[in-house]
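Should a chain be cited, it is by its letter among A, B, C and D, assigned in written order, with residues numbered from 1 in that chain.
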């Protein structure tokens, strides 16, 4: 059994610090398993992301939707996720992220927009059918020098939350009969 | 291993239809296990819920916080959860619902406020540390004659979402060492 | 022509710093006109606010609804307005605040919940029919020593925003015929 | 004195019904004055809107920001405004819409997302410094045959709300000294 892990970054500038934070979170959460994570840097798709139809974009959207866990990361623009990330998510039909666990991650200049991941990005991902294991993660970009430590704490919280949900799932009566699991 | 299941209802009128919907959801989710569910009908605590300190309220708050899964249900007032439910939740300290899985449930007169559970009640519960397994649940009260069928569909979706999270949790590297599980 | 100005404070503790901030905002906005402002400290109504029917509460609700401008102020509890304030607002029927201008004001311990007035309290007041002249106002309670200066800046912004809307209103074609104005 | 009125439409498909609804709202609000309204159909800028720098986009952004009143209209995608509209708004610096009155307008397939204009689009515009005169406007696209009637009702409500705010603005003590008005 393997884990299909993806990282989607909605920063118009490629190789951003937001991407680095997201990768670190994946590593802290899943250790060596995270090495196979697919990284979608939406900056690489700016020419194509507003085209319909687009076989190239369809393929990217499909790979993300086929993941078990996806970290959706974006800088904070106007107190919420970037338009670039929204354009990518708009390409999905209703329930297009059904069947995956998603972690909303926003980076920002200060704490003033710390509610963004929980009140803006999380509901958007939930609308698409994803399940969020706890809070959204907000990272103040000025704390890059302590980034690994802060991300490690967040990862431990997500791990605890994931296990807590798993413990409840074990109590579901029809568990064995209906379990779908991961078939990758 | 047992499941500690609670239902909190924020309707100022006791024995509401909102309470009935919440109970049905518990039954559809956990079958016979749901029979031990504790029901907190906040209408019964109107005299005490705005008193500080209150040993009686402290005991109720503690029992809810000690649950594995809680359905928080309320009628829709002004497009969101009732003030009565908020008064109850305000009694918790920061992270007062940490360690539990919560399902947000709002009933309403029509579909106009269908976003309420996901954009209002879910972020409130998440702020307190709860994990929400998927969407919030909105029930149009005029559909009481089809209630069991609608709730059954919602329960199946929650069950699928809980298992999906459980499958991801199994991939966490330190699972055995750190698992806390349910000790009730 | 007079201004009917009210202040509603949703802090369970009476005579709070939140109340003081709201009063200062009224003074900075309207100068001597603010001296006739009616202050509703909801802490004084804790015994009655969850009773139905209540002639006493009906009278308070009616006086607030009859105002031209109301400052709705609350401490931040769980990243949003207090349950006490919500209980008061829940007593209104649909559109119960139609016909008034409202300023949402939340005080908080730090900047982490600075989005609360705009994403939580403002939409609640708008749902009731109020018009919000600009941003919600968030005040970090640790800055009480600089409170007057900070509130003065906010008041100037609200004044500028009110005038901006007034300038647009002047362009409405049927202005003279339909104007209702203030008849107090 | 003239009114500078703009309409911004965030539908990736040009000449959409959303655009038609927005134009009708402008006409119902301002009558003949609305004929000079500038319409920005963002579908026409898909090739350029994700480019930085872009003199062409800068010019469009500047014209919108220089308006007195702007209707920001979008179809509902994933329960909120389109990514295309967000990409356009992301191009503004902080407070980039300061000094204008904005009406948030979302069209949608049914009533399930009727809260979107008020809980999602309005806070976004407010974050940029705009003032919203009342509720966001949600239009169910299946009601195009009754569109003019529905939009007329909404326009009357906005007109009443604008006048209400204007009446409060008249009570501001320093009105004459500081008034900026419209200088176009």
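Note that in this section contacts are C-beta pairs under 8 Å (C-beta built on N, C-alpha and C of every residue); 3 or more make two chains touch, one makes a residue touch a chain.
What you are looking at is a predicted structure, and each value in this text was computed from that prediction instead of being measured.
Asks: When the contacting C-beta pairs are counted for B-D and for A-D, which pair yields the higher total?
Replies: A-D
Asks: Please state whether the interface between chain B and chain C is built from the same residues or different ones, using more than half shared residue numbers as the mark of same.
Replies: Here the answer is same, because the shared fraction of interface numbers exceeds one half.
Asks: Taking each chain's centre as the mean of its CA atoms, how far is chain C from chain D in angstrom?
Replies: 25
Asks: Could you tell me the distance, in whole angstrom, between the mean C-alpha positions of chain A and chain D?
Replies: 31
Asks: Let me have the rounded angstrom distance from the C-alpha centre of chain B over to the C-alpha centre of chain D, please.
Replies: 38
Asks: Counting only residues that touch at least two other chains, what does the list for chain B look like?
Replies: 79, 118-119, 123, 127
Asks: Show which residues of chain C lie in contact with chain B when the two form their complex.
Replies: Contacts found on chain C: 12, 46-47, 49-52, 77-90, 92, 120, 123-124, 127-128.
Asks: Given the complex with chain A, which residues does chain B contribute to the contact?
Replies: Spelled out, the residues of chain B in touch with chain A are 1, 3, 29-33, 68-69, 99-101, 118-119, 122-123, 126-127, 129, 131-136, 159-175, 178-182.
Asks: So in the complex, the part of chain C that touches chain A is made up of which residues?
Replies: Going by the criterion above, the answer is residues 79, 110-116, 118-120.
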